[in-house]
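Following this line, the structures themselves.
Both complexes below contain chain A, partnered by chain B and then by chain C.
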Partner chain A sequence: MSIEKLLDDPLNFWLGGGGPQGDIALSSRIRLARNLDGIPFPNQARAAELAQVVEQIRKSVSSLSSVDGHSYLFIMLEQLSPLERAVLVEKHIISPLHAQYPKDRALLIRDDAGVSIMINEEDHLRIQCLMPGLDLTAAHALADRIDDCLEAKHDFAFDEHLGYLTACPTNLGTGLRASVMLHLPALVLTQQIGRLVNSATQLGMAVRGLYGEGTEAVGNVFQVSNQLTLGASEEEIIGNLYSVVSQIIDQERTARQLLLENSRDALIDRVWRSYGVLRYAYSISGNEALAMLSEVRLGIDLNIITDTKPEIFNELLVRTRPNFLQKMAGQRDLDEASRDRLRAQIIRDKLQGGK
Partner chain B sequence: MLCDNCKKRTATVHITKITNHQKTERHLCEQCARQTGEINAPFNASLSVNDFLKGLFATGFEEAQLPVEPTCARCGMSYSDFSRSGKIGCSACYKTFKQRIRPLVKRIHGTYQHTGKIPVRCGGILALKQQLQRLKEQLQRHVQREEYEEAARLRDQIHQLEKEIAGKQ
Partner chain C sequence: MSIEKLLDDPLNFWLGGGGPQGDIALSSRIRLARNLDGIPFPNQARAAELAQVVEQIRKSVSSLSSVDGHSYLFIMLEQLSPLERAVLVEKHIISPLHAQYPKDRALLIRDDAGVSIMINEEDHLRIQCLMPGLDLTAAHALADRIDDCLEAKHDFAFDEHLGYLTACPTNLGTGLRASVMLHLPALVLTQQIGRLVNSATQLGMAVRGLYGEGTEAVGNVFQVSNQLTLGASEEEIIGNLYSVVSQIIDQERTARQLLLENSRDALIDRVWRSYGVLRYAYSISGNEALAMLSEVRLGIDLNIITDTKPEIFNELLVRTRPNFLQKMAGQRDLDEASRDRLRAQIIRDKLQGGK
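Entry: the complex of A and B
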C-alpha cells in the first residue's frame, strides 16, 4: 500500500462495515501508550532525542510484519503536506496533536490501516488497533502481540506500582484506552441519550460525540471509552466496556422497535425526507449531511430503504469531511460554497450508484 | 427553556437589559448568543485534561516557595513545571517526585497499584509476584468456602512460587 492509497481510500478495512453488531457498532479501537525508558517524554525531549526514538522504532518495522503477515509503512509526518495530515486526522489515524507538530514525528501503519502506531505523539508510542463492529477482544489480542513484538527489542518505561509510565498521569498503569464507535440515532430521537451518557459516566466510561462541538453530536455517532487505566487489568477494563456497550446497543435496538411501533409513519416520512434531500440537494453543509446520512442509515437498518447498501453511510462519513473533499478537489483553496456543492454532488452520485 | 432566537436548542445564556428604566429579558442558546453578538466569551476554549491536571498538580504545593526547587536529574523538570504543563517530563520524574505524584495518581485513579500487563524483559520478577498475589486471593476464596483440598493445593503452589521469587532476588 502506498501513502496515496491510504489518503485517498475513503474506507479502511475496519470502517467498511460488518463485524459483530456492525449495524450499530461501527468500529472498535484499542490504544496502548508506551514510552522508551531513558528518553524524556516527547513534551520534554530535545529534537535529537525525538529523532532517536524515531530511529529506534524504524528498525522494528520488519519484525512487525512477522506478527501478522502484513506489510507496514513508515511515514515521517514532515514529508506530508498539512492537508494530507489533516486527512489522516479526519480518518482518526493520527491525532490533531500529532499533526500539529510534524517535526521528528512519525507514523507506522499497516497496509490495511488496521494497525497504526503514532511515534512521538504525547507518548513515544501510541499503538492503535482497529476492528470492524464490536470486537474489542480481537483488537486487544492484536495490540498485545504488537506490544510484545516491540517490547522484545525496546525497554519500556515501567514501574511496579504505576505500571507503564506515561506523559499524562491519566494513562498510567495499563496505558490502555479501549473505545467503540456507535451509531445511536434512535436513542437520540427518543431523547434517551442524555440519561445514557450520565449513567455510562457513573460507570467510569466516557461518552462523546464523534462529530460536532460540545454536547451536540452531529450524525448521532458516539464514542464510548474507558476513563481509568490503572488498578484494573486489561481484561477487566475491556470486559467492563464491552458490557456497557452491549447494553447501549440493546437499548438502541429497543428504541428502534419502539419508534417503529409507535411512530411508524412519522419515522418513515423522516427517513425518506432525508433521503430526498441527500439525493437531490445541490449544496449541503457538512453537519446537515451527517445528520441526514444518519437518518438514511437508520432507514436502511430498519428495512425502510431497501435498495441502498448500509456501508454507504460509513463511506460518506469519511468522504464528506472538509479536508477529504479538499484533497479530492486537488485545488489549493476550495471555498466553503464550492465545498458544499462538491459534497452534495458526491452524495448524489453515491446514492444513485448505490442502487 | 428553548432559545428565543432559534427555538431549537436549550437556552443557556440569560440576558437582562435595563435601558431607560425598561427591562428586557432574552434567553438564548450559546450559538445564537454568539451570533447575535450578545456574548463574546471564548466558549470554544475547551478545557483539556491537562488543564485540569495543572490544577491538581498545584494543590498543596510547597516547593515553589523554597529558594532552590528540586528538579529531575534526567530531564530537568521541576514540580512546578508540571503544574504549568500538566504533563510529566520523563520516566525518572516518577521516581524523583514519587512522594508528590503518588497522592495525585490516587486522586485520579483511586489506586496506585497496577494489576495489568507486565513487560517480559524489564518486568523481572514482577510477573511472578503478580501471580503470587492472584494465587493468594484464590486461596482466600477457597478457605472461605471451606474447600480445603483445593486450598492445600494452592498453598503448596504458593510456597513453590515464593521460593522461586526468593531465589531470583
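Entry: the complex of A and C
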C-alpha cells in the first residue's frame, strides 16, 4: 500500500459496486468534524499551531490500525504535487479547499481509502468513512469507532450545551455530515428531479452534484446530505437521511419501470446509442462522457445491456476526470483536445476489451 | 432470374461498387427517350394506343438478348403490387410517375438490372443503361446498341431538323439524359457544395438529390445530369457532363485531403461516432441512417475505418429505404416506428456481422 497505488487505482473499495441498493446508491459517507481543544480553528491558527495539530494526530496513526485491522498512511499534503492532490480531490478523498492550501495540512488514509482523515481542513479533523451502496449504519459505526479511538488520545473541543465545536456553525453539535451518492438517470429523464430536489431541501437535506457544492449533476449523479447537525442525535440525523434517500431510490426505481413500460423502445435506443458512441468516439469531453456513461449504466441496470459489467461506470467515472487523465499521461502536458482524445481512448479500450 | 430476385436483391450490379473513380462516383446512367412514329405520346394516347405500344415493344424482347447476351424480362406494371412498384422506384429502376399509373405501362429489364426500358412513361420508351463508377462512355455505347436494335424493328418519331421527338420539349433532339450519382460528403462538410451546385447549373447541368427532382441530397448523394438535349451531339453532351463531373470529383478529393490535414481528429471522431451509432442504435430514421452511412463510407474511403467494406454503404442505401423494408417485412404492415426499428436492426446485423 502506497500513495502511488491510491492515486493510480481508479476504484476505491467503496466505488467498486455492490452494497445495499448498489444499483442506484453508489456510496454512503459519514463525515465527523472535530477540533483539538485549546488550539484555534485552522482559519484562525498560526503556522506553529497548525503544525502542532499535525504532530499530535500523527502520533495516533498506529492506534487506528487496532480499530479495523487496516494499515493507515500519513501524508503531508506538501509532499504531493498539485496534480496528485487534484487526483485525490477527483477521487473524493480530500476536498478542493484542502488541496488548495497544502502547507501544514495532512491526510491520514486507510489502505483501501475507505477511511480518510483530513487534518487542518476547515476543522482540525475531518473524519470520513465510506461504504459501497446505501449503508449509512456501517459507515457511521466505523466513524464512531475511529472517533472514539482518537478521542481516547486527544481532547476534542466540546461544549456541554452545544456539543462538538466547529469552525463553521453549520457543523456545530454532532459535527456529523452524512451523505449518499445516488445515480438518478430515470428521474432526470422523466424531469422529476427538480421537484424531488425541492422536497428533499424542504426536509432539511442538501442535494448537490458529483463534485460537491456548486457543481452540476453531471452523469446524473447526486449527493444527498443532511443540512442540520445541531438539535438532533447522530442516529436521528442518519435515520432522517436514510428515510429521504430510500424514498428517492424508490422513486428512481418507479421511474425506471415507467420508462420501460411507456418508452421502452426510445430507452433501448438511447442506451445503445450512448454505448455505440462511447465505444467508438475518438474524442469526448468529460461531461459528455459522464452523461453517456450514465445512460450505459442505466442500460446495464435494466438488463438492456447484458454483456458489460456495471462497475465500468464507477471506474470510468474516476478514470475520465481531467486530473486523473493528466496523471496517466505522465510528463506530457495535456491540453484539452489531447485530454478528450485520451479520455475517449480509455473508454474505447475498456468497452472494446472489457466485455 | 425473376422479378422476385430483382426486387429482393439490394445490390444491382451497377451499385455493387467499383468502376472508374468508384470511391466517389457511385454509378453512371444514360437514358434515351424514344417514341413510336404515328402513335400519340402517352399523355395524349388512348388506352388502346398505349396497349398497342406495349404489344409492339414486347415483340422486341428476344432480339435484345442478341445485343449483350443477357436475358430480358418483360413485366406489365399491373402484374406488380403497389409495394413492388415502389421498391423498383427506390432501386432507381422505374420512375415515380411510371409506378403511379401502372395501367398499360410495362417494363423491360435485363437480368442484372443494368438495362431497363420503361414503356409508356412520359415517352413510349425510356431506355436506361447503368454502369458502376464514372463510366458514361460504356453506358452510352450500350444504350446506343440497344437503341439501334430497337430502331431496326420500330419506326421512331424523328424530325430531320429537330431530331427525336419527345413528349416534353426538354428532351427533344437527342432524347439523351446522362447522369452520374456522386457521393460528396467532404464538399458538404466544408460547405462548398452550394457554390458547386451553382457553377454546375450555370454550365447547363442539373444537380439533384438521391431520388430525382425535388428530393433533398440525403446521404450526401447527388445526381448530376445534363439539362440540354438539343443543339449538341450525344458525344458533346456526354463530354460536357464528364468534364463537369470530373471537376466535382477532383474538388471532393481535394476537400477530403484538406479535412484530413486541417481537421483530422474531428473527422476521425465524427466518422467513428456515426459508426458507433449505426452499429448499436435500436431505431433510426431513413434520413439519419443515410447521413451516418455517408460518414461511415467517407471513413472507409479515407482509411479511417479499415475493417468494413465500402459496398456496405451502397447496399444499405437501398436496403434501408421504406418500401424495401416493407417488402422485407412481408404481410405485416409496418408503421413508421416499426420501420425505424427494422432499419436499425438491418444495419446492426450488417455492421456487427459483416466485418
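Following the convention adopted for this analysis, the second predicted complex is superposed on the first by the 348 of 355 C-alpha atoms of A that agree within 3 Å, B and C clash if a C-alpha of one lies under 4 Å from a C-alpha of the other, contacts with A are read in each partner's own complex, and residues count from 1 in each chain.
Criterion: a residue touches a chain if its C-beta (ideal position, glycine included) is under 8 Å from a C-beta of that chain, and two chains touch if they have at least 3 such contacts.
Remember, it's a predicted structure, so these values are computed and weren't measured experimentally.
Once the two complexes are overlaid on the shared chain, A:L228 sits against chain B while remaining clear of chain C.
By the touch criterion stated above, A:T170 is placed in contact with chain B alone, chain C being left untouched.
When the shared chain is aligned, no partner comes close enough to touch A:R58: not chain B, not chain C. Looking at the shared chain after the overlay, A:R253 reaches neither chain B nor chain C. In the superposed three-chain model, the partner touching more residues of chain A is B, compared with the other of chain B and chain C.
In the overlay built on the shared chain, the residue A:R208 is in contact with neither chain B nor chain C. In the superposed pair of complexes, A:A266 makes contact with chain C only, with no contact to chain B. In the overlay built on the shared chain, the residue A:G276 is in contact with chain C alone; chain B does not reach it. Taken in their complex, chain B has these residues touching chain A: 9, 30, 43-44, 49-50, 53, 74-77, 85-91, 94, 101, 104-105, 108-123, 126, 129.
Contacts from chain C toward chain A in the complex involve residues 265-266, 268-269, 272-273, 275-284, 337, 341, 344. Those residues of chain A whose C-beta lies close enough to touch chain B in the complex are 35, 37-41, 43-45, 122, 144, 147-148, 151-152, 155-170, 172-174, 176, 213-214, 216, 228-234, 237.
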